[in-house]
Every structure is written in C-alpha cells, then in structure tokens.
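These are the structures, in structure tokens.
Look for chain A in each of the two complexes below; its partner is chain B in the first and chain C in the second.
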Partner chain A sequence: MRRTDYVIKRIFFAVMTVFVAITINFLLFRALPGSAVTNFARAPHASPELRATLTHEFGLDQPLWKQYALYLNQLVFHGNMGISFADNQPVTSELAGKLKNTIGMVFVGTFLAIVIGVVTGFLAAWRRGGAVDHASTSSAIVFYALPTQFIGMMLILLFASVLPTAGMRNQVNAFFSGGSTWSNLKDIGLHMILPAVTLALTLFGEYTLVVRSAMLETLGEDYVLTARAKGLPQRRIVVSHALRNAMLPIATLVALSLGFIVAGAILVEIVFSWPGIGQAVYEAVATRDYPMLQGAFLILTLSVVFFNFIADLLYFKLDPRITE
Partner chain B sequence: MRARVSWLALCAAVAVVAAGCTSGGSQGSGSGGHLTIGTTSNIDTLNPFVTFQQNSYAAFEYIYPQLVQYNDQMSDFLPDFAQSWKTSSDGLTWTFDTAPNATWSDGQPLTAEDAAFTFNTILKYGDGPAGNLIGGLANVTKVEATGPNTLVVTYSVPAANVLPQLQGLSILPEHVWSQYATGDGKALRQFPNVPEDGQPLVSGGPFELASYTKDEVAIFRKNPTFYGTKPSIDGFGLQYFSSDDAMVSALRSGQIQAAINLPPTAMNTLKGDGSLTVYDGPGLQFRDFIINSSPNKTQNLELLDPKVRMAMEYAIDRDAIVQTAWLGYAKPGSTILPPAAGVWHDPNIQPLPYDIDKANAILDAAGYKRGPDGIRIANGHPMDYTVLFAKDESGAGDTAFQIIQNGFQQIGIKITQRKEDNDAVNTAILGDNNTYNTFDLAMWDWYPCCPVPDFILSVVLCSQYGSWSDTGFCDQRYDKMYDQQGVTRNQAARVALVYSMQKLLYDARPYIVLSNDDQLNAWSTGWDGFVESSLGLFNNLSKASLTQVHPA
Partner chain C sequence: MKTVEPAVVEGTALEARPSRGGHPIVRVFRERPSAVLGLSLVLFFVLVAIFGPALAPYSWTQPSGAVFAPPSAQHLLGTDGSGVDVLSEMMYGGRTSLIVGFAAALVAMIVGGGIGLLAGYSGGATDVGLMRVTDYFLVIPDLVLMIVIATVFGPSLSHVILVIGLLLWTTTARIVRAQVKSIRERVYVRRARSLGASHRRIVFQHILPQVAPLLIATTVLTIAYAIFDESALAFLGVGVPGVSWGTMLEHAFERTAMTEGAWWAFVPPGLAIGLVVIGCYLMGQAIEDALNPRLRVAHLSIRTWRIRKAPAATTHLDPEPDREEAV
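Take a look at the complex of A and B:
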C-alpha cells in the first residue's frame, strides 16, 4: 500500500510540474518586450502590412488567455505543438529530428562522463591521500569549474587539424562522392568525438567528487571494518561492500543527470554547430519563435521530470527505508 | 605496462581514423569538383513567401531564374532569364524577351508564362501571404505573357527602379506552385519547398537544390538544363555554423573550402595562412549612433538641438573605432549610403573630425555649463543619457561604445549602455504607440539589401513611423525628394536628388554613421574564379560567382 501511495504521489507531482512548466513556458517569452513580428522590424522585406498579416496568422492579435487556451487545447488533445513562426512548418516534426541528433551525442558524452567519474572517484577513495586521489580530485575540480564553451574552444584549437570541429557529418562530400552506410556512420562518429568529449570533461568532475565522497563514507562504516576483521580480500571489501552501499547517491545522480541530457548540451551544440535541440533553442530565442521555444522547453521539462521520477523510484527500490 | 600499450594502441587508432576522415575530398568524382562554403547565417526556409534571410535569397538566385542580374561591379544590369528588354516612351510599359526553349530541371518548359504566374500571384496575395515580395512590384498594375517568350509589365507611374526591383524576384515553376495559389493563398506559405524522396527541388537556375537539412547544409548540384552559361563545378554545399570560431577552424583545416562574413578577429590569422585567399573589400553594412529626432520626445529635449548633435559628432573618434573595435577591417562612415553603394554614395559629405576642443567650445557657446561633477547641465538636469544597445552590436560594438563614452565624458556628457536583444531595443525605440517619445540614444546597424538606394533611403521616411524608422526622424522635404527620385528616370538627375537627401540627413544627424563594415571572405587557394561584391561571394545579386568558380 505504501509503495502504491508513494508512486501515485510521485506521478501527481510529476504531472503538476509539467503543467506549471507549460504555463510558465507560455508566459515567459510573451512577457519580454516585443514579439515574433516586431522582431522582423529591420528586415527589408517586412512591410507594415506584412507584419499585420503575420500578427494575425500567428494569433498574436488574440488576447493572451485565448492564445493560452488554444495552445493547451492543441497540445493536450491533439499532441500538436504548433507551427514554427520562422519557417511555417510543424514544430513537432522539426523538434523530433533535432532531438534525435542531440540524444545520440549527449548520450555518448554523458556515458563517458559517468564511466570516467565513477572510475576516478572510486580510485580516489580507494587510494585516499595518495597521488591518484590528488590527481583525480584536482582534475575533477578544474574541469568542473571550467566553462563548457572554453573547453570546447580549447579542443577545437588542439584538434582542428585531425578531427572535424563542426556539424554532424560531411554531407556535401557524401553526396558528391557517394558513401556506404558504414562510412556515413563513421563520419558521424568522428564528428561526435569533440562535442561528446567536451561534454564528458564538463560533467565527469561532479561524478568523481560524489563517488569519492560516497565511497569514503561507506569505507568508514562498521560493516567494512567487520569485513576487514573477517580477513576478506581488499578488492572484495571495496567492490562488494563499500561500492555497493555507495550506489544510492551515485544512482540518484546518474538518473538526475540523464534528465538533463537534452538540456545540458546547448553550449556544446553552439560551439560545435551540432544540429540538435540546443541549437534550435538558440535560434528560436533569437527569432522569438514562440511555438518552437514552447515545444523545445516542453521536451526539456518532460525529460527532467521523467528522469526525476525514475530517480524517485530508484531511490525507493535501493533504500526501502524511505517509505517507513 | 599492458595499460600503457593499450593507450598507445587506442591513440594510434584514433589518429588513423581521424586522418582518414578530415581530408577535404572537395574535388569529388565529377570533372568540375565540388566545394563547401561556410556561413554563420542559416537558410531559415526555402519558401520564397516565408523567408527573410539573406542566404535564402542567395540560394534562390542560383536555383531560380530572375529576369535580370547585376554585373560584376554591381553598377548595371545584365541579361538573365530576360535576354533583352525595352521600355515604352512614357516609361509605363516594360517588355522583356525571355530565353527561348528553356526548361525546368524536371523537363517542363520554362517560359514567360511562369514569370507572369509568379508576378500575378504576388500581386494577388500581396496584402497577405505574398507580403514579403510585394515590394518588388510596387506601382505594377498588370503583368502578362503575350507569348511564350515575351513578358509585359505595366506600371502606374514611370518608375526609376524597375530593374533593381524585378531583379529581387525569383520566377517560380507554375506547374509546382499553381496548386497553392488558390483561395486565400495561405497554402503558399505552408508549402515547405524542399527536396523530398531523393528528388531535387524543381529548379531553373544554374544549379538544382539536391538536398537540404535545416540548420545543417543545403546541397546544390549543377543543372544541365539551365538556359544560361553552365557552371564549371559539379555542385556546392552551403554549410551552417553556429559559431565563427568553428567555421574558421573548419576553413583552415580544409573541412570547408570557402567562408563568408568572417569576423575581423580571424583575419590576421587567415591572412597568414598560405593555403587561403583572403578577400577584404567594401561592404554595404554600416554601424550607426542614433539620436532620437522625434518631435514627440518628452524629455531631454536638448538632444534635438543641432549644436548638441554636432558636438557629439566632434567627440566621436571614428578612426579609433575602426582601428580598435574593428581591427582595421572597416572604414570611417559618413552617410547612410556607404561607398560600396557606388554611384549613389555622395563622396562630398565628409564626416566631422575628432576634435574634443571644438565640441566643448560648441557646447559652451550654446550655454550648456558643467555641473560640479563635470557633467553639463541642460534645462536644469545633467546631460546623462542611456544608450539602447542592440545585441547585434555586441563585440566590436561594445568597444565602439567605450570609445564614444570616453569622448563624450571629455565634453561633459555621460552615457550608459543598456544592452538588450534586438526586439527589446526596437520596442524601446518605438515608445508609446509608435511615437518615439521616450528613448534618447541608441546604437545599431543597417544591412541594406542591395546597392540601389531605395530601401535604405526609405527607413527615415515619415511613413516609416512604427515600422523601419529607428530614429523618429520625419521631414516632409526629405519625403518629397524620396518620392521624386523614385520616378526620375534620368540617372544623373536621380543621383543628384539622392545626394541632396544624404546631405539633408547628414546635417540633421538622426544617425551619426560610425563605420562601414568591410566584406570579409576567404577561400582555399585550390579554387579560383569567385566574383566578389559588397554582399560577398555568395549573394542574391548575380549568378556569376558560383557559375565561374573552378578548381585552380
């Protein structure tokens, strides 16, 4: 019963969070001075008559509450995120393509970060006070402190001559020279290296520090002392007893990080011209493309809320004490 | 030891794979080769009824026919789809003889009927879905194809700018678009107009659009059915970069073969790269310091005083702005028609020199005394103003602002920067009900569409209140001259009128033009034949550049 209550509560909070986020997303951009139409004010082809037409076409001449009601109606009952102001095409299909591009690259980057972070954090705790600990902790703090765009720019400077520095693939060469599926995949993989590594370097420090801290805590527990007293091998003590019990904060952090997989790559995508959802948000902000922004932020919100929910369930599974 | 060997093996593998991937491969398998051009401005859409972006219009130049095109000097017009043209003696009727036996890339005939369909569609839906194109047909009353190769355009007045206006309109295939030009015409704006199912876009220019991925790349392939001179190359790609630095790196490493609209900060590096040809020429874009000229202004009315405006110009060090902010890749400005506008630029207008003493003397004589903190007092309040600063100006513009701020400080005027996004600045400039009643000063730029002066001269018309006007300037004498130049078919007389307009505007100083940007492009030395212009090597004025380019 308690378990069911817990899950129902979590679902309720998740749905409420999404609804509030949708409302804020809608109001936030409209609270700014100007609009998608006044944004065209300096375009040579945007006559006053055209702007009046666009205001009507975009529904910006309607009262705010009516725009909101229409938006909710389309979103909730038809799954329709609207039509982009910039190119008059459906937001849903445009974002789907961008999302696919983002997930691939950010997944690789985040996975790398988790692996590097867990391994270095684990080693730092295991060899506490030694050279490995100092090296792991220092590098984690340095990379955690560095701005993403700075790391990205440094990698571009260092690897511009050997690795692709922008875009997701070389479509022009592939088009004119032909290319097998394998060579196209290889091309995407190579284009992914620098943005994914940038993301990994940006993120891994957090994992290192959390894993180290969690491990140190468990290594000081009585059951670890007992295991030592029983004469168990050091490897087994660390892996089976300490690491396993340190998994709670680590698993939570990983689940929460996955939630930000979509949102976390905006800067990386701008620096490396990666055609994902982060770049789409950047372009949409510049052009006040409300439907595109609302759609993108809805996806970011859903992603965070979903993985928060998963983290809650995982927490529950890993530590049944929380329902007691 | 084992770990060390593994790392070495991994590094070696990455290096080998990477080396295999980044070779240019730009010569391709065809005879003419292919190249990739980098840009930081995307193609927002390929629908001519929707787009506002310069690169979209440049793409249309290469995939669609236009009646005429500019020559290499951007000073006159050459035949394009129209092989010749003539005007009636009253200047109201223009007859164009179009290319015979032309076809679209799908084999359908390309005739004057397509041009008539396109222009009539724009006229029909000009107050709605075709609103972004209707300006090109100002004063047109009738368009008809009197034969498969004859197009007749009739005007209500003997317009002076017929060819520049028509040059900006792409001719669309009637057999593709006619199904959307029905009813209220909304379908015209909803048609994505992109290649689908592996089929290229139906094209009539020297290239056909073979592939397009938004915010990534547009790929153009040689169109063998083109009515004009066929391109030397097999095709080219236009690749979008969201960062200047990534584009410059890609150019230097050979991932792309050319780049347009380069930042001044990259120029010295690129000039030192022996594998690149760098172009640094005059551009049309100018940066301006705006002084609110609206009679509706409710505060700080001293800014309407011509003496204050003159003193401000004396206190602006244009040379420092060019050398420090633009690293020398700009020229000091004078009028809103820069030298790149050719014959339309009035070279007699010389900007005031940087002279702090003179500026102080003017303000002293006008009675603006300094307060205890050194800031002058005007009408009982300190001369302390906010400068609206558009996001577009960030970077070099920030440095320019600091130079101006320093100059103004020396003459007892304090200015503070308020940086906002473009739309917010525009809204602040317009004021209450588009009366321009609140703002004092601003910094922004203009990017005129083309060398002809019609558009840029129009942004200060009284009728542009609430629209293109960002100065609140309104002068009936100026408006009258604008109308007059629009129907003055004698070139010398029209130029004289345009000069008078520039002089009037310069003296009134709604704008103090700070600098004119240079047009900065670069390409690999492996390529030759690009035609440069004030809008760069890939532009919407002429088909010459990408049809003439070839491997060196």
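Take a look at the complex of A and C:
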C-alpha cells in the first residue's frame, strides 16, 4: 500500500472512532433514568431561560434521532457540550482550561518515565542476566503492578513535609496573581514534582521491559554480529547499532501510550488534587454532573485517538515495511 | 524475567515442541520457577479470600479500636480511619476484589473468546465486521468509559463486574482470532472438514483445545487488570459497595491517612493488589511465553492493556493462506 493510502486509511479510522465514541456518549446519557430534559438541563440553579435555551439547542423535547442530530450539530459545529451542573458554566471552556494543566503534568511525567525506562532497560539488556538486569527488571515489574493511587499515597507519606502535595499553586499565589512569572513558574514546578514522579513511576516499568526486549532482539541480529566481527568497540556496537534500531518500537510505544496516559492521569490528579481533566472527572462523578462527565470522556477519547494516529504515522515513518 | 527469544515459530509452539510429559500448562509450571511463584502468590490470596472471613479476628464493618491505632498485639495491622481492624478488612476485602477480578476476567474470556472464535473461524465479512468493532473499542479509553458507565448505572457488585468484563474483551478477541485463523488452515483441520465434520465438531474438538492455553494465559492477565480497575473505580467512589482492597485505599485517602502517618491503613491493600497483579503477570507471561513467544501477551501493558505493535507480531497475526485451494 502506498503512503497516501495508508494515511487516508488511518485518518478515516480516527474519524470513525471519534464518531463511535460520540454515539456511545450520546446513548449512555440518554439511558439515564428520568427524562432527557431533567437530566441534561437539570442544572440546579439554572434560570428558566437557560433551561429553555438548552432544551432548544439540544432538542430535548424532540424524538431521539433528532436529539442525536442536534447533539452532533452542537458538538461539531459549535463545540457546545452543554452546561456544567456544578456552576452553570459551559463545559467546553472549563475543560479546555483543565486539559492544559493535565497535558503539562502528563508531558513532564512521561518524559521522566522515558528517561528512567530507557536507561534501566538499556542497562538491563547490556548486562543481561547480571545484578543490574535483575534489579531493573524486578523493580520495573513491581512498580508496574502497584496501583497508581497507592504509589501516589506512598509519595505523600514520604515527602509531605518537604514538597507540596496538593493543588497546582500556593493558595496565596492563586488568589493574588501578583509575583513575577518566574516565581509563579517555580511554584507550579514545585507542585508538579510529586504528581509527575508518581506518573513516571507507574509508567517506567513498561518502558523498561520494552526497551530491554527490543535491545535483546537487536543485539541478536546479524548486523550486530558483523559489527563485532569487524572489531568495533563494544560501546559503539551497543549504542549506535543495537540501541538505534531498538528505538523503533520504543518510539511508537511512547506515542501510543501518551493518549492512555492522559486518561490514566485521572488517579494521579485525584491523589494530588491537580486541577486537570481527571480532577474534573472525579468532581463530576461525585456530584453526578453528567454534561461535565460526558465532555471529559469525549476529550479523553479524542486525545487517545489523536495520539494513536500520531503513533501510526510515526510507525510508518520509522518502518515503512508495515503497510499490512 | 524471561526474555522473548527471536525464535523461529510458525503458528503456535504447541506443535513446535514435542509434548514430553503432561499437558503443556503443567509443563510450564514444571519448567519455570517464576510461574510457580506467580501461582503461589495468587493461590495464597485465593485461600485467604475463601477462609479469611472465618478467621478474621474482628468485625470488618464495626470499629474495634481507636482511630488509626498503629499495629499492636491486638490489631496486627492496626486500625483504619474509623477504628476498624485493618487485618480483618484485608481478609474480607480480598474476597470482594478477587471475585471482581475473576468474574470480570471470566466475562471477558467468554465474550472475547466467543467473538475471536467466531471472527477467526468464519472469516469474510463477519471477521471484518467484528474486528472493526473491536478496533474501535480498543481505542476508547476503558477506564474512563468504565467510570462513565458505573456512574450512570450506579455502583453494585454485578455492575462493576459487567462494566470491567465487557470492556476488557477486546484484547482477548484479537489474540484468539489470530490463533484460530492459523489453526483453521492446519492440515488436520482441513482433513476433518473434508471428512465431513460439522463446524461444531471442528470448533470444539480441533480448534478450541489448541486455543485454550493461550486463552487461559490472556484471562490470567485480565484478572490482574480487572483487580486494578476495581481499585480505580473504588477510588472514584463508583466501585463495589462494601469492603474491598480498592475501597480500603479510598477510605485511607479520604481520611488523609498519609498525612496522619497511618501507613498501615493503605500499605496492606496496596501491596496485596500489587502482589496479586505480579502473580497473575508471572503466571500469564510464563504460559504465554512457553506457548508462543511471538504473540507477546505478557508484553501487554497492565495499565493500558494494549497489544504492542511489533513488526513480527503484525505479520504473524495475519496468516492469510489461500484456504479454498483444497476445495
């Protein structure tokens, strides 16, 4: 298959997945007990006008298929995901702000995980069967198996006296937005340490295992044998022959996992009250804020689809052999 | 841990390795110490879950001591934020967590196995259609969808089991389908078909026994993932009502056991979940590794539960020989 065909096929798949997710989203919340009007426009302190607007916008008094069409229309062309029950604000703008916070934390955490994972996996493969190998693979499996929220709670237990454990900024800074940009950044950075490290600890195990097995695979290749026969120094063989080729599965794995990490960050955000999408999901679940939950689910699915698409392209770029 | 040798394996290794002594699964445990370790870990917690509630020293719902009392002779693991004995809670909560894990994995096995078998065996439009659906479900983030569904339908034991099980079948379906596709083209299956064996006979007599070990390996790994998900749902307050390891973590968090320094309230459930997950992982990995090093089920991510893409695996997953030639 040619390149454009492949890309078109992947785009089609991505669009279809989003469509499937939107449909599930629509149907699930219509399956709720009670009428659509009361559920969707139930916002507790909503004025009759707001209720009327919502009913009109989403056709809550219309038959189901019409509601679906209106829902799609509002979502796709107006980015309208309804009004949060909690504070009567549009869901879309609230989630946009939170997504920014989540993405910052997720990128730092993933970066840390990649660094730890590649280093430990590399060392494990290089010194296969040795103490370093056993130490890194077993610690990888242990962190891999522990629940995310538990790792977060352990870090709070250990570092509560040294590092901030909740929120994104100090109360003072949050209220008086004075202070220089630098001190604000430093504040956010300090608050980000524990959540990002938690995320990194939950993720690096997977990377370690993949890097290790990818390295072992390339180390067994003929070209490594050739390099050895040529008398190249071992360092050169391992770094520029084996590691370089092993980066292929690693790169796609990272891209592929990024989307799920955004979703997986829910637990981390709850533990550290990080004001991101996960925290929004948590609050929406607690208050049964359905429009918010619906919006968060859509955004998280979109992020997975997006990163999946990137992974597909990246994979194709790195290894054009895979076109099925 | 075992490495994935770039072994030359066509189809499944079941045939590649001459059977010496016992069922392949029995052989796995005989040859791999890690599998035995995994099995003992899981068995230990299963036994605790069965007999634990009878042996629990205190009630697992009523307070029996001070709030956050540290471990002592009376309370071996201390008490939690409401003064309930942690050891008793652990024993009883393990039952809930394991029931959810095993039952959800069973649901995933039946649904995923069924769909994989149907898609792989019938081929054609059924296959394409079913795999399309599977692909979409693979991409939707399960944890988030689970949270949404559990919130909408309300938390109860059966809801949690169904929600987890019905979202974890996709990986099983893909693996089973690939395996069935390759087995369907084996000579002995073709021969059975030409001898006039019915579809039912071919599936149950010839294909299912070959797929079973792989299905078991995948299911064992699904147990780990389901227990993980149970604790995540519990943490959001939409888990199983009552005591489970997941709700214990959530209670400890709600009562800020971390800042109280009451580590005994959340370390036992956290470690227990970790140990069961490691146990399932070691077992599943050993079985799968012994059967078919190329499929790499064990390289599934516990947290994202996706098959990693590997060039070798993708080409291997789709053996598409001309099956009509014999007709």
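The rule we apply is simple: the second predicted complex is superposed on the first by the 276 of 324 C-alpha atoms of A that agree within 3 Å, B and C clash if a C-alpha of one lies under 4 Å from a C-alpha of the other, contacts with A are read in each partner's own complex, and residues count from 1 in each chain.
The rule we apply is simple: a residue touches a chain if its C-beta (ideal position, glycine included) is under 8 Å from a C-beta of that chain, and two chains touch if they have at least 3 such contacts.
Given the structure is predicted, the values throughout are model-derived calculations rather than measurements.
Asker: Could you tell me if A:89 is touching chain B, chain C, both of them or neither one (first, second, both, neither)?
Answerer: A:89 sits against chain B, while chain C stays out of touch.
Asker: First (chain B), second (chain C), both or neither: which does A:273 touch?
Answerer: A:273: touches chain B, not chain C.
Asker: Now for A:162: first (chain B), second (chain C), both, or neither, which partner does it touch?
Answerer: In the superposition, A:162 touches chain B alone.
Asker: So, does A:318 touch the first partner chain B, the second partner chain C, both, or neither?
Answerer: Neither: A:318 stays clear of chain B and chain C.
Asker: Go through the superposed model and pick first if A:75 touches only chain B, second if only chain C, both, or neither.
Answerer: It touches nothing on chain B or chain C.
Asker: Scan A:288 for contacts with chain B and chain C and give back first, second, both or neither.
Answerer: both
Asker: Using the touch definition from the top, say if A:53 reaches chain B (first), chain C (second), both or neither.
Answerer: first
Asker: Using the superposition on chain A as set up above, list the residues of chain A that contact both chain B and chain C.
Answerer: On chain A, the overlap between the chain B and chain C contacts is residues 32, 153, 156-157, 160, 165, 270-271, 282, 286, 288.
Asker: Using the touch definition from the top, list the residues of chain A that touch chain B in their complex.
Answerer: Within the complex, chain A contacts chain B at residues 32-35, 38-51, 53-54, 57, 86-89, 94, 153, 156-157, 160-168, 170-173, 175-178, 186-187, 190, 193, 269-273, 275, 279-280, 282-283, 286-288.
Asker: In the complex formed with chain A, which residues of chain C make contact?
Answerer: Touch list, chain C to chain A: 1, 3-4, 6, 135-136, 139-141, 143-145, 147-149, 151-152, 224, 228, 231-232, 235-238, 249-250, 252-253, 257-259, 261, 263, 266-267, 269-271, 273-275, 277-278, 281, 299, 301-304, 306, 308-311, 314, 318.
Asker: What residues on chain B touch chain A, complex-wise?
Answerer: Against chain A, chain B makes touches at 14-15, 17-19, 21-22, 25-26, 28-30, 34-36, 42, 44-45, 47, 50, 52, 127-129, 131-135, 186, 189-190, 192, 210-211, 213-217, 219, 221, 234-237, 239-243, 245-247, 249-250, 252-253, 255, 420-424, 426-428, 430, 446, 448-449, 455, 466-468, 470.
Asker: In their shared complex, at which residues does chain A touch chain C?
Answerer: The contact residues of chain A facing chain C are 13, 16-17, 20-21, 24-25, 28-29, 31-32, 128, 137-138, 141-142, 144-150, 153-154, 156-157, 160, 165, 202-203, 206, 209-210, 212-213, 216-217, 220, 249, 252-253, 256-257, 259-260, 263-264, 266-267, 270-271, 281-282, 285-286, 288, 290, 293-294, 296-297, 300-301, 304-305, 308, 311, 315, 319, 321-322, 324.
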